[in-house]
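Both complexes below contain chain A, partnered by chain B and then by chain C.
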Partner chain A sequence: MTKKVLVVDDDPDVRLFNTTVIEECGYSALEAENGEEGLARVKQEHPDLVLLDVLMPRQSGIRLYRELKTDPALAKVRVVLLSGIAKKTFLRSQKALTEFGGAAVPEPEYYLEKPVEPEELARTLKQILG
Partner chain B sequence: MDIRKILFVTQFEELWFDALQSLLDLRRVALEHVVFVNVIEREKVAMHRGTGYQKSEAIRLREKANIHFINWAEALFEQGLEVGVYIVVGSLAARVVEAAAKEAADLIVLGDRKREGLKQFYAGEELAEIVRRSGVPVLLYRYAGARHEALPPFQRPLLATDWGPASANAVAYLRRLRAVIEEINVVHVTDEKQLRGDSAMTIQKVRKTERARLDALCEQFEAEGIPARAHLAVGDAADLIVKTARQCQATMIVSGISTRKGFGTGWRGGTYRVIADKTDLTTLIVPVPAIDEGR
Partner chain C sequence: MAVITISRQHGTGGRALGRMVAQRLGYTLADSEIIERLAKEARVSPRWVESFEKEAGTRMSRFISTMVARKWVDRILKDEHGYLDEQSYLDYLVLIVAQVADEGNVVILGRGSQYILDDHPDARHVLLVDRVDHRVEIVMGRESIPEAKAVQEVAAEDRRRISLYGSLGKSDFDQPLLYHLVLHMGRLDLETACDLVCRLADVGELNSLT
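Our next item is the complex of A and B:
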């Protein structure tokens, strides 16, 4: 069965770029424009991997990542962060949210900084999905 | 209504990150989410004779805004705040109203775009359109003094009341902010026409009645733990509100207005714009709830 990758990014150009690379790698691509829509699609479609931007309207990737990793039903979904926001910031924000009374979440397995080369993205997808 | 989500609208010239930082004391009440909005005005990228649509210019402006927003967002994310961003092309008022509705924002923060003549008139129209169409309180932010300091505006507000529904809404809005308000001053400006009478006693009765209403309003704030002081004035509303703000060293003027259509330049429709023009202080415009629309 074809593996599914969900791209969550508010920029349509980035979504087009990512979905093209995903499909060229032989996977099926799904899209969402923000964290809220991304969470709904994860619950509906059960993707094998989420390619997640951080800075988005409605709900950021930081909150969506937290929602995924603190929900036992969704915690196993693999996530690659792909953002212009520094990894250090992402980790500090998760730490701050944990200190404000939230649950601790694991560090993301992969954190890619935008813009990413198609070869680098393809290599990351294959490493994770085979 | 709590201020959970702020829409921070900037063109980068009139409003910088320090202005937002001066509002972060609102975290003590409810603030948890900041949404940045940059509107690339259509005229900057529109079709031009001989060049067509300036796509590369649109991309350049978008990425320039993105660089600023990423920098600012990182600072907020690290404090545990939620951050969002809109970089859109179009007319300022329409795009801001759209983003405020999508995000269900509790406060819109705008900068003061210094303009002259007709352009200033249109800037006032933009502000009026945003207030009327969004139904969300709008903070017209201004830096303080010659050094352009970004002072926390909610510390010492001056509430200008006309006893109308918008003023009542402004009172309800401010009463929830006791954790950030150090002291509130309340002013009511009576129209000189109300002072007609055959004797001094008739005029004094007007003063006594208005003063009693102001004192009752101050008691409402004090019941919430916010020290409050009343001011009664007679004459031109906008002029006296601005003078009272100076007198009590207010950090902001709060004005309730009606969102109902058909109000022109009267107290409800136009005074907040006149105040905004006359003062160098930050102005908070609180509209009445949407339910009042068209009543």
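Our next item is the complex of A and C:
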């Protein structure tokens, strides 16, 4: 069965870029334009991988990542974070959210800083999904 | 590449000091910039963020966050494309403060930045305190308001601060151990306070507690 990759990003150009790379790699691409919609699609479609933007309106990628990682039913969904924000900045923000009473979440397995070259994205997808 | 965070009790001249320090060091003063960035990311108006910050931690904002269905908020705020509640405000805030700090050479006013950047290697945390009666005097002079109104304002802001930090699970925000420098503003003029903070920014690597 074709593996499914969900792209969650508010920027339609980024979604188009990501879905094109995903389909070129032979996977099936799903889309959501914010964290809320992303969470609903994860629950409905059970994707094999989520490509998640960090900063988005209407529930950011930070919130969706934390929701996925703290829900036992969803924690195993693999996530690649994509952001214009440096990884160390993201990790500091996560530490602060935990400090402010949020649940501790694992560091992201994969974190790609934008702009991402198509070859790099394709390599990451293949590394994770085979 | 230092980062100065200034936490303050209301009426201690934090904004004026922040402005002076930023100007003298050639740093950016991150105050309205944080509001603007947050508004942009959340796709709401800067005005919404400002009023949200005024209400942050209060019963009203919790009511909005937990009880008011999103669809009703959407109907009311037709011209906004985003949404902000306590949780999403915090999500954006921590990321933006961390981002602003990583850009360096910046003075950040409040917003829990002393916690968010607690172990940031380049951050120097400053707290401004003063006696209540003196803070009331400052507010009276600054805003040309009668004493009774200034007393009310200072008390309300003190309560808001407790409430805001309380919503983050914090009550130790006036503890000196969180800071590199604590300034009693009733005993210092702004110029001297500015000198001290600028000297702190110039100090090289500091001992880290972590």
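Quick note on the criterion: the second predicted complex is superposed on the first by the 130 of 130 C-alpha atoms of A that agree within 3 Å, B and C clash if a C-alpha of one lies under 4 Å from a C-alpha of the other, contacts with A are read in each partner's own complex, and residues count from 1 in each chain.
Please note the rule applied: contacts are C-beta pairs under 8 Å (C-beta built on N, C-alpha and C of every residue); 3 or more make two chains touch, one makes a residue touch a chain.
Keep in mind that what you see is a predicted model, and the values were worked out from it rather than measured.
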| item | value |
| --- | --- |
| Which superposed partner A:K76 touches (first chain B, second chain C, both, neither) | neither |
| First (chain B), second (chain C), both or neither touched by A:G101 | second |
| Touching partner for A:S93 - first (chain B), second (chain C), both, neither | both |
| Partner chain(s) touched by A:I85 [first = chain B, second = chain C, both, neither] | both |
| Partner chain in contact with A:R58 - chain B first, chain C second, else both or neither | both |
| Residues of chain A contacting chain B in one complex and chain C in the other | 54-60, 62-63, 85-86, 89-90, 92-93, 96-97, 99-100 |
| Chain B residues within the chain A interface of the complex | 35, 66, 69-70, 73-74, 77-80, 82-86, 99, 102-103 |
| Chain A to chain C touching residues, read off their complex | 54-60, 62-63, 85-86, 88-90, 92-93, 96-97, 99-101 |
| Footprint of chain A on chain C - complex, ascending | 41-44, 81-83, 87-88, 90-92, 94-95, 97-99, 101-102, 112, 115-118, 120, 168-170 |
| Residue ranges of chain A touching chain B (in the complex, touch as defined) | 10, 34, 54-60, 62-63, 84-86, 89-90, 92-93, 96-97, 99-100 |
